[in-house]
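After this come two complexes, each holding subunit A, first together with subunit B and then together with subunit C.
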Partner chain A sequence: MAKVVSIHSFRGGTGKSNTTANLTAIIAQTGKRVGVIDTDIQSPGIHVLFNLEEENMDKSLNDYLWGRCPIEEAAYDCSPTLKVGGGEVAVMGGGMYLIPSSIKAGDIARVLREGYDVNLLHDGFRDLTRRLNLDYLLIDTHPGLNEETLLSITLSDVLVIILRPDQQDFQGTAVTVDVARKLDVPQLLLVVNKVLPRYDLEAVGRQVAKTFDAEVAGVLPLSEDVVSLASGGIFALRYPDHPLTQRYRQIAAKIMG
Partner chain B sequence: MSPGLFDRLNQEMQARDKTPGLTMSDVLVLPEAERRLLNWMMRADEVSLAEVADRLQADETAARARLAELMEKGYVREIDIHGDVRYRVRLAPKRGREIPLNIWSALDDKVDK
Partner chain C sequence: MSKAFGTLAARLSLILIVVILIFVVAFAIYLVRDRSDEMDEMILQKGVSAAKTGATVAGKTLDGIIDDGLFTTGEVFDYTLVPIDLPGAITRGYAGASDQALTNIRKYHYASTLDSFLDNAVLEVEDEFLKDPQIVFAVLVDVNGYLPTHNSRYSQPMTGKLASDRDNNRTKGLFDDETGLQAARNTEPYLKQVYKRDTGEVMWDISSPVYVKGRQWGSFRIGLPMDKAAAAIAALRWKVILAMALLLLVMVVAINRVTSYMMRPLQFLHRAVERMEKGELEEGEIAHLGRTKGRDEVGVLSRVFARMAAEVNAREARLKQQVEELRIEIDQSKRAKHVAEITETDYFQNLRQKAKQMRQTNSSE
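Right, the complex of A and B next:
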């Protein structure tokens, strides 16, 4: 039975997709089969981190939701396209599969205009884990609270909420934590991202844990190296010995339990 | 506005009125017992009458009555898998955005070019 993990933030720009991609790669490196699905259908982006070019994206989550293909046909094995520090191809132990949302303007407009059958999204999560024999399914959600985000949270074994040390993020996270508890999510983890390096990171983690009465899986400092990479790859693969990668590994370990 | 666009919107509005189902925002405002049962059913994907009775710590007659209430509201549907009756949450379709029609029309024109 696959473990379903939703990665969410109340506001945009928290580093949600970057964190999702890094966690996906780290878990796959341990020999697990990992799927990652981009349910941010109105502003997709995680495919960039996996080096999946638009012209190579034959099918997407949108095609599945419109009944054009089974969901596994929209899954791309991204292991061969990923590069590690020296430029060589990454060796992912189990396999890493991305189900992107379409980046075509017409497809985004159509899904916003017409909606879709949410039961298909529900079925899709189940079918994907079975047909690709996944150990983990990570769901990259749209920021804020909408129907697909709430469904993803409900179906998750683990919900990871990403926040920055920012008053607006704190308020939004309080709402999300409250919703997650109403939806009976079995495991709730917080990740504080983009913390100024001069702060005491462990003290920030303790403060956030106390504020939300929830476990903090990791505190990630704002990193010039991440900014420099500019979504041009997966940080943990490019910089496997970086202290930030170590922190990603600690978060992955909490998810894997 | 093109006839095609109008037809699509009209079909959608008619379908919307007929389509039962649970929205996730409905779930958040349900009474706790109902909400927790539906959360559990969604996570389990599909469940049997015996499993519902076990979850409710009730007998199968009471569980059947509870399921009948949820089916009446359109939140749950009965499915037959090779003669085995199972129950599954029925989610409402996600509605399209209700924004001025000329925006979609303009976007259609741009995208078609």
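Right, the complex of A and C next:
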């Protein structure tokens, strides 16, 4: 049975998709089969990091939700990209599978208008993990607390909340933590992202952990290298020896338990 | 103190000491060798001079005996020997001795009785040479190796004990061994030989020819101990070694003191660096370092390091300030309100129920 990990944040712009993509790659490099699903149907984006372009995209999550295909047909094998960057060769047995959301304007408009049967998501996760024989399923959620994000949280074994050291993020994270606890999430992890490097990162981590009475899986500094990459690829694959990549590895370790 | 710092000062001292040691030892060896050769030379020169002098005096004495009409030239050059019968009390003690040993202890007179006369005429002269402790024997021998009058030291009364008599009463003996004959017949101004005495001693034998009325009558032999010469050389060697050891000790102490004194600024810098690593370096120490005088490497390092340390400390102070600024303010009442807005919906309540079911189905798969 695969471990389901939701990567969530109260507001947009916290670096959720980037973090999700990096964690997916790092876990896959340890020899695990990892699926990553973009449930932010209203503003999809993670496929860019996996270099999946519109013309190469046939089926998407939307097609599954509208009953047009089984979910595994919307899955794209991104394992070859594990070999990109630093000459890293994929570890035997590892694999990365992306289930993107449609970026066609018409599809997005339709979802906004009609919505979709949320319970299909649950069945979809189960079918996906079984048919692709996944060890981990990472869910890149839509920001904020709405029906589908609450459902994701409910279905998750691990909830990772990403926040910036910003007052609005603090307030929103406080609410999310309380709600998640009421849903009996087995493991709750916080990740503080985009911290100015001149701060003592470890002290920031300790302060956040104390404030929310929750485990901080990692504190990630704002990196010029990440900004320059500009979502052109997965940072951890491009710079395997970078100190930031090492921090991502520490977060992945907490998730893999 | 220098030991506490250890590495650089100790290594430097060690290298300097080893280098100096090599030179000192080489010089000492050269010195000893040189001096030994000199001493050897000196001792032998002494022997040569004594042999020549003895030969001249002996020759003159014998000339005088002829001139005074005490003996004729023919009598003086008559080397015929008559064996001396030793008293029974003595020979009894020699019972059981080997033939060779008995041959060596045989005594003779000249048929002309010249030897008894020489006992008076030549003994004083011969003994005069033995006032020098380095001369073992100084004797007149004829061309056949017969020794009429030995030094007083070697003319002790006979005791009947063979070894003792052989060592202490050698007068009136016939020394016709290889060395003895070579010495007796030598016509060169002097002849130097290694003489293995039947007593077991090994010594230098220097002989000079004795001329009487223009004809060689015999030789004057001088004995110099090899071991005495060696002892003198050994004494010298020890003196040199001791002197060099003392010099070395003085140098070691001096080098040690000088290196540790010169290393002090470096020690101070090293300690400051260690303290910086632990984060314990204080402003006062940094200021002191910054004031280091001296244009050498340590001076430059100290001043530059002090500047860097000051910058690092300033930066850390700034950092510490900023971290304190990160304040997390959460409006708890707003928080509770928002949470309630979500959790009190029907959707949420249903979800809570489903959550339990879904977890159970997931875990059973």
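Methods note: the second predicted complex is superposed on the first by the 246 of 257 C-alpha atoms of A that agree within 3 Å, B and C clash if a C-alpha of one lies under 4 Å from a C-alpha of the other, contacts with A are read in each partner's own complex, and residues count from 1 in each chain.
The rule is short, and it goes like this: contacts are C-beta pairs under 8 Å (C-beta built on N, C-alpha and C of every residue); 3 or more make two chains touch, one makes a residue touch a chain.
Everything numeric in this text was worked out from a predicted model, so none of it was measured.
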- Task: Assess the superposed three-chain arrangement around subunit A: do subunit B and subunit C clash, or do they fit?
- Result: clash
- Which chain, subunit B or subunit C, is in touch with more residues of subunit A? C
- Check the residue A:V208 against both partner chains and state whether it touches subunit B (first), subunit C (second), both, or neither. second
- Of the two partner chains, subunit B (first) and subunit C (second), which one does A:A230 touch, if any: first, second, both, or neither? neither
- Task: Quick one: classify A:A109 as touching subunit B (first), subunit C (second), both or neither.
- Result: first
- Message: I'd like to know which partner A:Y199 touches here: subunit B for first, subunit C for second, both or neither.
- Response: second
- Message: With both complexes overlaid on chain A, does A:M1 touch subunit B (first), subunit C (second), both or neither?
- Response: second
- Message: Looking at A:Q171 after the superposition, I want to know if it touches subunit B, subunit C, both of them or none. Which is it: first, second, both, neither?
- Response: second
- Have a look at where A:D117 lands relative to subunit B and subunit C in the superposition and call it first, second, both or neither. first
- Query: Which of the two partners, first being subunit B and second being subunit C, lies in contact with A:K182: first, second, both, or neither?
  - Reply: both
- Note on the structure: Re subunit C stretches 95-103, 167-175, 329-337 or 347-355: the one overlapping subunit B is 347-355
- Item | Touching both subunit B and subunit C, residues of subunit A | 122, 126, 147, 150-151, 154-155, 179, 182-184
- Message: Show me the residue ranges of subunit A that touch subunit B in the complex, using the header's touch definition.
- Response: 105-106, 109, 112-119, 122, 126, 147-148, 150-151, 154-155, 179, 182-184
- subunit C contacts subunit A in the complex at 319, 322-323, 326, 328-331, 334-335, 338-339, 342-343, 347-348, 351-352, 354-356, 358-359, 362-363, 365
- Task: Write out the stretch or stretches of subunit A touching subunit C in their complex.
- Result: 1, 122, 126, 130, 145, 147, 150-151, 154-155, 165, 167, 170-171, 174-175, 178-179, 182-184, 198-200, 203-204, 207-208, 211
- Item | Complex contact set, residues of subunit B against subunit A | 8, 12, 21, 23-25, 27-28, 35-36, 39-40, 42-43, 45, 89-97, 104, 107-108, 110-112
